[in-house]
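In the two complexes below, chain A is the common chain; its partner is chain B in one and chain C in the other.
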Partner chain A sequence: MLQQYRPLDGSRIAVPDSVLGIEMADDCTRFNLRIAGTGIAPAGKVFGVTLPKVIGQTAASGDKLALCLGPDEWQLMAPLDERDRIEAAFAALYAKVPHSLVDISHREVGIVVEGSAAAVALCSACPLDLDEMPVGAATRTIFDKAQIVLIRQGRDSFRIEVWQSFADHVWGILQAAGREITLEI
Partner chain B sequence: MSTYRVAAKGRIDQSRPVHFTFNGERFEGRKGDTLASALLANGVHLVGRSFKYHRPRGILSAGSEEPNALVGVSRGVGRSEPNTRATVLEVFEGLNTVSQNHWPSLKRDVGTINDAFYMLFSAGFYYKTFMWPKSFWNKVYEPFIRGAAGLGKSPSVPDPDTYASRYAHCDVLVVGSGPAGLAAALEAGRSGAKIILVDEQAELGGSLLSEPAAGINGQPAWQWLETAADELAASKNVTVLTRTTAIGYYHENFLGLCQRVTDHLETLPEGAPRERMWRVRARQVVLAQGSIEKPLVFDGNDRPGVMLAGSARTFLNRYGVKVGNRAVVVTSHDSAWLAAINLAEAGVKVSAIIDIRASVPYHLVDLAKAHGIEVLTGWTVTGTSGRLRVSSVRVNPVTAGGKVGRARNIACDTLLMCGGWTPSVHLFSHTKGKLDWNEERQMFLPGAPTEETRCAGAGNGVFGLLDALKEGAFAGASAATDAGFKAKAGDYQIEGEIACTGISVKELPTDRNSSSAKAFVDFQNDVTAKDIRLAVREGFQSIEHIKRYTTTGMATDQGKTSNINGLAIASDAVRRPTPAVGLTTFRPPYTPTTFGAFAGYTRGSLFEVTRKTAIDGWAEQNGAVFEPVSLWRRAWYFPERGEDMHQSVARECKATRQSLGIFDASTLGKIEIVGPDAAEFINRMYTNAWSKLAPGRLRYGLLLGEDGFIRDDGVIGRLSTDRFHVTTTTGGAARVLATMEDYLQTEWPDLKVWLTSTTEQWAVIALNGPNARQLIEPLVEGIDLSNQAFPHMSVAEGNICGVPTRLFRVSFTGELGFEINVPSRYGRAVWEALYEAGRQYDITPYGTEAMHVMRAEKGYIIVGQDTDGTLTPDDAGLGWAIGKAKPDFVGKRSLTRSDMLKADRKQLVGLMTRDPKTVLEEGAHIVADPNQPVPMKMIGHVTSSYWSEALGRSIALAVIEGGRAREGQTVHVPMPGKTHQAEITGMVFFDPENERLNA
Partner chain C sequence: MLLIRCPHCAAERPEVEFVYAGEAHISRPRDPAVLTDEQWKNHLFIRSNPRGTHFERWRHIHGCGRFFNAVRDTVTDKFAMTYKAGLPRPSEAEIREARS
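Showing the complex of A and B:
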């Protein structure tokens, strides 16, 4: 296989004492799944995670994660080597349960934002009330002018999923926020 | 240092001297001083010249309402700011400030001549004085007015500072940290609710900072303040923002707060933002903005040394500064008496208190007399004298009948005035909350709120310390309760409170000719009482009109000190009650706010998103010149050594047509449409027929709006019965997806089909040229590339260079072409592999300009360049793309409207200039007869125009009325210098038989 190109590969924003650490997430398999009511349960079985039905909730099993982003929309995330299996399994389901499964692994990049000041850094450009966002929640939102999906992985740990061409812009603002946090200003 | 600093008073750090300059002169202040307090401590009152008359002006107030004391601040290249209020500017070591609006110097200003000709500058002077002779307007009057207008000097180099933004949410936002605001924040904070307390000053306290004598709950005021501040600081649920101005109150309890982060610092931390704009959504808001003292309106009330009495008290109690050594007080309100007594206690010789009122509470009179102050109740002030500083005040008795008696002069070096206090209702007013006029108290008070908001304290007309604390506590507790928390307002006790009363007056009575009095209402815009009366005499009745005619209340202070006085005078002049005259609307921002704060991070590289493809880095390394296309930057052309754009594009086109060109098409919009009804959905959206398109085949698709006009186009591939790969224009990608989702969700929710944007999933490499197939054949696995198995307009899935691909055989150049879709992260590596392998064919990277030329040679349109939202498919020569047998598609019905069928509609055609070397200007107009009289009838315009290297001549596309029927006719294209002749042709200039495409 050829060398892959990743925007911002190896970039890192760090504020000492685990106040803030921002880095690119490892690659993973991502699918956009669109499916109607009765198909949700069988689709969950095929993926290997019971799909959450409330918008904004996530469900995980092992290293697979499902985010419910809309009334009929999920983002499925899994290790790279699961891609072909998942695609084949959904293809087998299609005849009985029509749906749309589209590979978006390369559309997005993940940016992990961690530390006690993670929420403050995100608030520099995200209008969501993060105090109201429980751990394990995920939502499509905006970060300045970029559409993102924001996942709260832990109290002080977030993951941004963003289209790769917008990643530079998101990163630039996080860098500015990181400087403010470093200066405690 | 000076006789004006009172060692035992104030909250400044007396042990820390700070040095600064004003107009080049070095002064010493104290840590904690504002520029105003530091200048006053040095005996400096004269700080600027007024806007219109260039009159000497001093410091009027001690707060953000200051209209007069505006200075320029400079801290190095690019860091200069005009119109900074000296009363809020904190001094630090090395601060450099200058006064404004004068030449050659503050003390000798030739602009003062305006003052002598004041009659020329009365209300509406722009409209009157400069009317005649008419020819003077452009050459004389306008340049003069432009030169004279404006306050201060705007910076001339880019601002080197950065600015920050932050969103925040809270249960209760409290604006103002005076007694009411503090009490509110304390009660709400104790409930556990999330609180933000914001105050524009450097420290919490508001009016308490000027009131050390009061006692609150058994503690001296400042000790209570410290306890309160400590409690708030220790509460994790409370965020305290000082030096932060709530500049605007917007819909749904959304407020903008501008925080000054570094302006007060002696050294700027590297990389620190200067200001931060907070965008706060609050469940509940408590507005405790306090009140603003009203000046009195009398002749000479603008002379340096004349200032607000409450502010003099603030300078004394908070900053330890006596504003003068010999004071006279003129007032219509009790509070100025307290200021007089405070000053007398600090050693200022207070010669007299002039009170407009005939009777004043006895205890105040007794107190004043006990301090040796002469009391003149029922008197008026009719003038002041002194050139650059007040030296005496002219006072007269007024009889019960209103007759003004004989004048006497009292010497002074400062004249303190007070016309009562105006509740600061600005933010409440931003919410469109109604203001109720209180006739008895002569003030506007907040009425029924339109947002989840409460007003408390002086800002609500509650002036007493005890009442303000109680109302604040109640507001804080009830706001917290309404936000879902348990809270109860605590009680307060006060020692030493003196209840203040007063009356409201219009301009003070005088024994002199009032039409020559310079009794200022608006200090910043130089509007006098006489201007307002003149406006009324000239027919203006509403305060909105009077405001615009006289410019009262229109300066950067938005009339904080002038609005109510102006209104009272206007109301008197029109003989109608105040509310009938109206109050002008307060608009954000509350105080002047920098553009930087609004812009936040949005500057430089973060000004706008710059989307880059996976291959962009290669293009950059290989010398590409870029052009912006929607948010993307795209390689425009790849100049080799010494080439200009024309040469580079000609070479790129030639190489592609002769052998092989490679092009980054990744920015094309892509939408994956999947589901049993996918074909039906595309049938309804696009004009073409899709049902019979076989899997593995491509078709050009045309998308219209309901109006029948072309919106977008692209090639659509059918990957399987139920799965389509749709491409859109680069700029149309988001819009097309949104349109499709809209139709799907609102018109056809019954269809089983789903849309996913895959624009960024795929990097797209376009290979065009006779050698395109030879290049990829050895690199592709799983696809038979022969012309029979994989003809023009085919799609197949397989591998290229070992990575999965969706391979399109399609061409936008007219050459044998492929569009190679690979997962984005592989885009660059595949590109590089193809480029290496392509060297044997002299592979040439080409940019968007060469792409444009080659597609124009083939007559392929670009939506948005050759179309402008008014072209139907037939107008664009694309009638063939309409599935005529289809029952419906978006826009179908509009295509049969009679207007759409007219023969003289503008149609897209080709143009060949008579002179083959002439390249027409895109956008140039076209006329049928160049000899017709001007204005000529335009029959169309040029939409695309290029030099075609393949044809050795220029080509152009144009829209022309009834263009197709005119084929062969000559038209004329006027351009700078010459009118060119051109022949109308068909749109396909190159290889009309498509032999190369199908090779």
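Showing the complex of A and C:
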């Protein structure tokens, strides 16, 4: 049987005085959804969250989250046990509303960066202007050389969604940034 | 680092999120088979390469993923404006207004 190898699971970077805490997020179901204009409303109903129409916005309902990443592209995140239900529901929708729904759960990992120094730690490798990013926004961007999806969950709380194969690299940079913040360099 | 405005995201984003994709407003001949080798070569390889205002394609690859067009000055490297692909080439007056 194939087994997923998730070396970073359970890892944590902590900086004293709780100015920064970085840890791996619990695994979740992730889908990439591509759908045309008229299908947005029915797709949102099937998923259980009204899909945001403006690029960069997110919408949440319970523990489900929908991110609008492009003009016709969404990332849907839900608890692990919802995967089969969502897949089946979208399959039933397909005859009426053509779309593309790809399960990318295994491709990505989540990293939660929290604390008053969270933005500083991210700025070490992310060229995005985080002051301009409102709470509840999400965008695809770049972290050093790795493409990430960055979600601002709160003023001092971010979540990075990054490919498994880049996660180690991103983690290493965050570790270095954490050390610099600890030493107040 | 340059900031480039993505017309889809409607936001100024860092240059490293984008890739350059050549000159804009080049339409592929409808029937390449009837072209002479000379005409086909011109379509494929010959670009205007102006000094000054240049219309070019960019792709917001580490963002929304979309192609769009931009007006950039090749001397100063300053972007005058960006607009969605498929829209007509902006007039000189529009570019002047965007620069001011």
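Going forward, the second predicted complex is superposed on the first by the 181 of 185 C-alpha atoms of A that agree within 3 Å, B and C clash if a C-alpha of one lies under 4 Å from a C-alpha of the other, contacts with A are read in each partner's own complex, and residues count from 1 in each chain.
Note that contacts are C-beta pairs under 8 Å (C-beta built on N, C-alpha and C of every residue); 3 or more make two chains touch, one makes a residue touch a chain.
These figures come from a predicted structure and were not determined experimentally.
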In this superposition, which partner touches a larger number of chain A residues, chain B or chain C?
B
Now for A:127: first (chain B), second (chain C), both, or neither, which partner does it touch?
both
Touching A:55, do we find chain B (first), chain C (second), both, or neither?
second
If you stack the two complexes on chain A, which partner ends up touching A:70: first (chain B), second (chain C), both, or neither?
second
Contact-wise, after the overlay, does A:140 reach chain B, chain C, both or neither (first, second, both, neither)?
second
State whether A:13 touches chain B only (first), chain C only (second), both chains, or neither.
neither
Show which residues of chain A both chain B and chain C reach, each in its own complex.
127-129, 132
Listed in rising order, the residues of chain B that touch chain A in the complex are 162, 164-169, 194, 261-262, 269, 271-273, 276, 279, 281, 601-602, 605-606, 608-614, 617, 631-632, 672, 674-676, 722, 752-762, 801-803, 823-830, 833
Write out the stretch or stretches of chain C touching chain A in their complex.
1, 8-14, 16-17, 62-66
State the interface residues of chain A toward chain C in the complex, per the touch definition above.
55-56, 69-71, 73, 127-129, 132, 139-142, 147
In their shared complex, at which residues does chain A touch chain B?
1-7, 27, 32, 34, 36, 72, 94, 98-108, 120, 123-129, 131-132, 144-146, 163-166, 168-169, 172-173, 176-177, 179-180, 183, 185
